[in-house]
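The same subunit A turns up in both complexes below, where it pairs with subunit B and then with subunit C.
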Partner chain A sequence: MKSIYGCIRGLLLAACCVTLAWAQSSTEEAIAEYRAMFGDENPAELWQIRGEELWTTPRGPKNVALAGCDLGLGAGIVTGAYAQLPRWFEDTQRVQDLESRLVSCLTDLQGLDEAELLKSRFGDGAKKSDLEALTAYIVAASRGHTMSVSIAHPAAQAAYDLGHGVFYYRAGPHDFSCATCHGESGKRIRLQVLPKLLDPVGARYAYTSWPGYRVSQGELRTMEWRLQDCFRQQRLPQLRYGSEVAIGLTMFLAKNAEGGIMTAPNITR
Partner chain B sequence: MRNMNLRKLPFLALVLGVLLHFEVVADGMRDTVVAAMEASFEAKKQATMDRLDQDETQTLCTQHAAGILPSAVAERIMTLNRATIRPPPDGQYLGDWKGGELIAQTGTGFQSSDDPTKPAGGNCYACHELSGSEIAFGTIGPSLRYYGKVRGTSPTTLAAAWAKLYNSNAHMPCSNMPRFGHRGILTDQQLKDLMALLFDPASPVNQ
Partner chain C sequence: MADPMRIRAALVGDKVDVKILMAHEMETGLRKDGEGNVVPARYIVNVSATCNERTVLSALWGASVAKNPFLAFRFTGAAKGDKLKVTWTDSDGDTRTDEVVIG
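And then the complex of A and B:
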């Protein structure tokens, strides 16, 4: 029974891809179609389920679960936490996005090795990423929540300003900045629609639908992944995970998306 | 006359002070951004750390990106970039449009994930409409459909198009288009092939 469903789904997906190659006029339509194809079955759920297990199971040299991990709303609270990140954390004296916060919890509370964690920060087939799974679980717990990020702390304001500055930073052989590709609305690269990330509409559209299960990669990808991949297209060196620039840009996008309703993890191209 | 100027002095000083203050704030932000960039990246294959360094054009374009480009700055950028343009040494502007179509279709080159021994593409279709048969084109740049058919192939028209491909900032400061010749992204031969894609009557662009 299950395999018949799988077969039908595969056929539908293939049909969908053919349709796509033929005459798809916009990515949004394509994504809507992908989502319809999968129906209620969002493959991101596999990551969410594994993430929940990782969150609740005692692990690491200290053999504790993550009940003590404070994502900003109090120890162990995941519901709604992502919609208020990044934020200033007193204990680490840093502004952190979800992913860098998770690294702090996994290393400080569970005693896991940071270098080891970062080696598998982005999953690749059989090599699974714990950070991606945990991110999927925590983001899903903010579905339906309204983006509301505070920049009241001076360090949070500074992160936002840095993100704003980096957005316009032109460099590399091609002179690209984020603004080259995301500075105007209604533009496309090939057939991919590019949201204007400076405006609430574009920022909300983009931010609230990440992380996502990428059909083209068969992997769930987070905002840290998205940013480092856009920098790759910009021909710049490798963005460091949890770096000042990664967090600044995330703060800039999250704040611009203020008022948007979280729908992630979603299915993306 | 003298007195009036003197009376205006405090006002002028105030204006100057405000302007200088903005410059300082902007400069402070630039230093912050540069330092954060240096601290937030690591070299990966061909994408080395010097890619973060800005030339004068990139610095000026970043500084004025969020506002209107002052005309003196626009002049400075165009002067700097005009000086870099080298016409083809043999005076031949047109290569092979088939090679040009391939270069226009190719999006790889200079990314950390690309093979540095392979020639880079121009990725023209990412931003422009060219041949009628390619429907997957972007809209960041204008349509180039029937480019040569509409404009003809007079020597000035060819030289202007070459200049545009070689260094877009020579006539359009802070253009979104890469400076393909000046920055060494494409070779003279590749640029000639793209010129043929634009101007050859047999090219699909003009069909």
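And then the complex of A and C:
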């Protein structure tokens, strides 16, 4: 009798596992199919178009375009720049990711107000974010480029180490760290796969596909948004835009994704 | 002013394959903002596409069309180099027209 029950239980368990595995793979496949249906027609393009306009049009109190903005490859050079960010910048004496670098350019070159810029750092419907649009345009210019981030400068190495430390730092009411969800492969939240961000495979998969057009929000979201939302999900204090921690984590992820081919802006759930 | 559309039009065989991305909020009028106030309805009501003075597509839309809509269609009777003009008009009377050369 016992063995029959055991057998039935075993079968039920097996059935559950099969259903779960099937559901997971079919969700993945469905998402892949959904992306394929869009093909090149990703709404992120609407942000790219607006970003290009923002990049080339003279704006701000100083009425200049961003041709003088150095993203690391020289003034005004956009192609391939994102694949080598974050990096050390001599002029600001800081390690910067793309978003914080854009804030520097918009404030220093165009004379825009930083506080005003950061108020609309994340777009919401009619309230559009210039930073998200510019990011979309610049990231798109790195499509097909290989991730290659240098940590040769001591400050860049320090940023990487900080990001590494924060990745494992458990805090907040749930005692969560990034590693809790992203430290092992094969984990998921409901049916969403959580990539292991320490592995080149997982890190490349995640890093090269951001920023992305988030269908559920109808907005394009950047890496700064992704990180601050991870902090929110962990119930940690709000992550400051362009802060040392945000840049450190970005540096850590970008370096782990070394060798990956940029595909962003992507389309996500 | 409304943001530009992204239009692609390519001749495949004897048909022109058109793909259009429009930048529009497409507010249904059913949503509420953070303060609980109804966000007023505003959506595209009319889309038309013309090629060589000939209307090749005319559509009446409503609030059920998604935000940042994507529209794809095919039509015959055009050659490479012809111009395709697409116009949308929304419920507030705002309008946007973009033109693309068929490739």
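In this section, the second predicted complex is superposed on the first by the 240 of 269 C-alpha atoms of A that agree within 3 Å, B and C clash if a C-alpha of one lies under 4 Å from a C-alpha of the other, contacts with A are read in each partner's own complex, and residues count from 1 in each chain.
In this text, contacts are C-beta pairs under 8 Å (C-beta built on N, C-alpha and C of every residue); 3 or more make two chains touch, one makes a residue touch a chain.
It should be emphasised that the depicted structure is a prediction, and the values quoted were computed from it without experimental measurement.
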With the two complexes overlaid on their shared chain, look at subunit A and say whether subunit B and subunit C clash or fit. fit
More residues of subunit A are touched by which partner: subunit B or subunit C? B
With both complexes overlaid on chain A, does A:G259 touch subunit B (first), subunit C (second), both or neither? neither
Classify the contacts of A:G218 with the two partner chains as first (subunit B alone), second (subunit C alone), both, or neither. second
Should A:A126 be classified as contacting the first partner (subunit B), the second (subunit C), both, or neither? second
What is the contact status of A:P43 with respect to subunit B (first) and subunit C (second): first, second, both, or neither? second
Figure out whether A:V166 sits in contact with subunit B (first) or subunit C (second), or with both, or with neither. first
For the overlay built on chain A, what is the smallest gap between any CA atom of subunit B and any CA atom of subunit C, in Å? 12
Residues of subunit A at both interfaces, subunit B in one complex, subunit C in the other: none
Residues of subunit A defined as touching subunit B within the complex: 23, 161-162, 165-166, 168-177, 179-181, 184, 186-191, 194, 231-233, 235-240, 243-246, 248
Subunit C partner, complex, touching residues on subunit A are 38, 40-41, 43, 45-46, 49-50, 125-126, 218
Given the complex, residues on subunit C that touch subunit A span 3-4, 6, 8, 19, 21, 23, 25, 39, 67-68, 70, 72
Partner subunit A, residues of subunit B touching it in the complex: 29-30, 32-33, 36-37, 39-44, 47-49, 51-54, 57-58, 61-62, 65-66, 110-113, 125-127, 135-140, 169, 174, 176, 178-179, 183-185
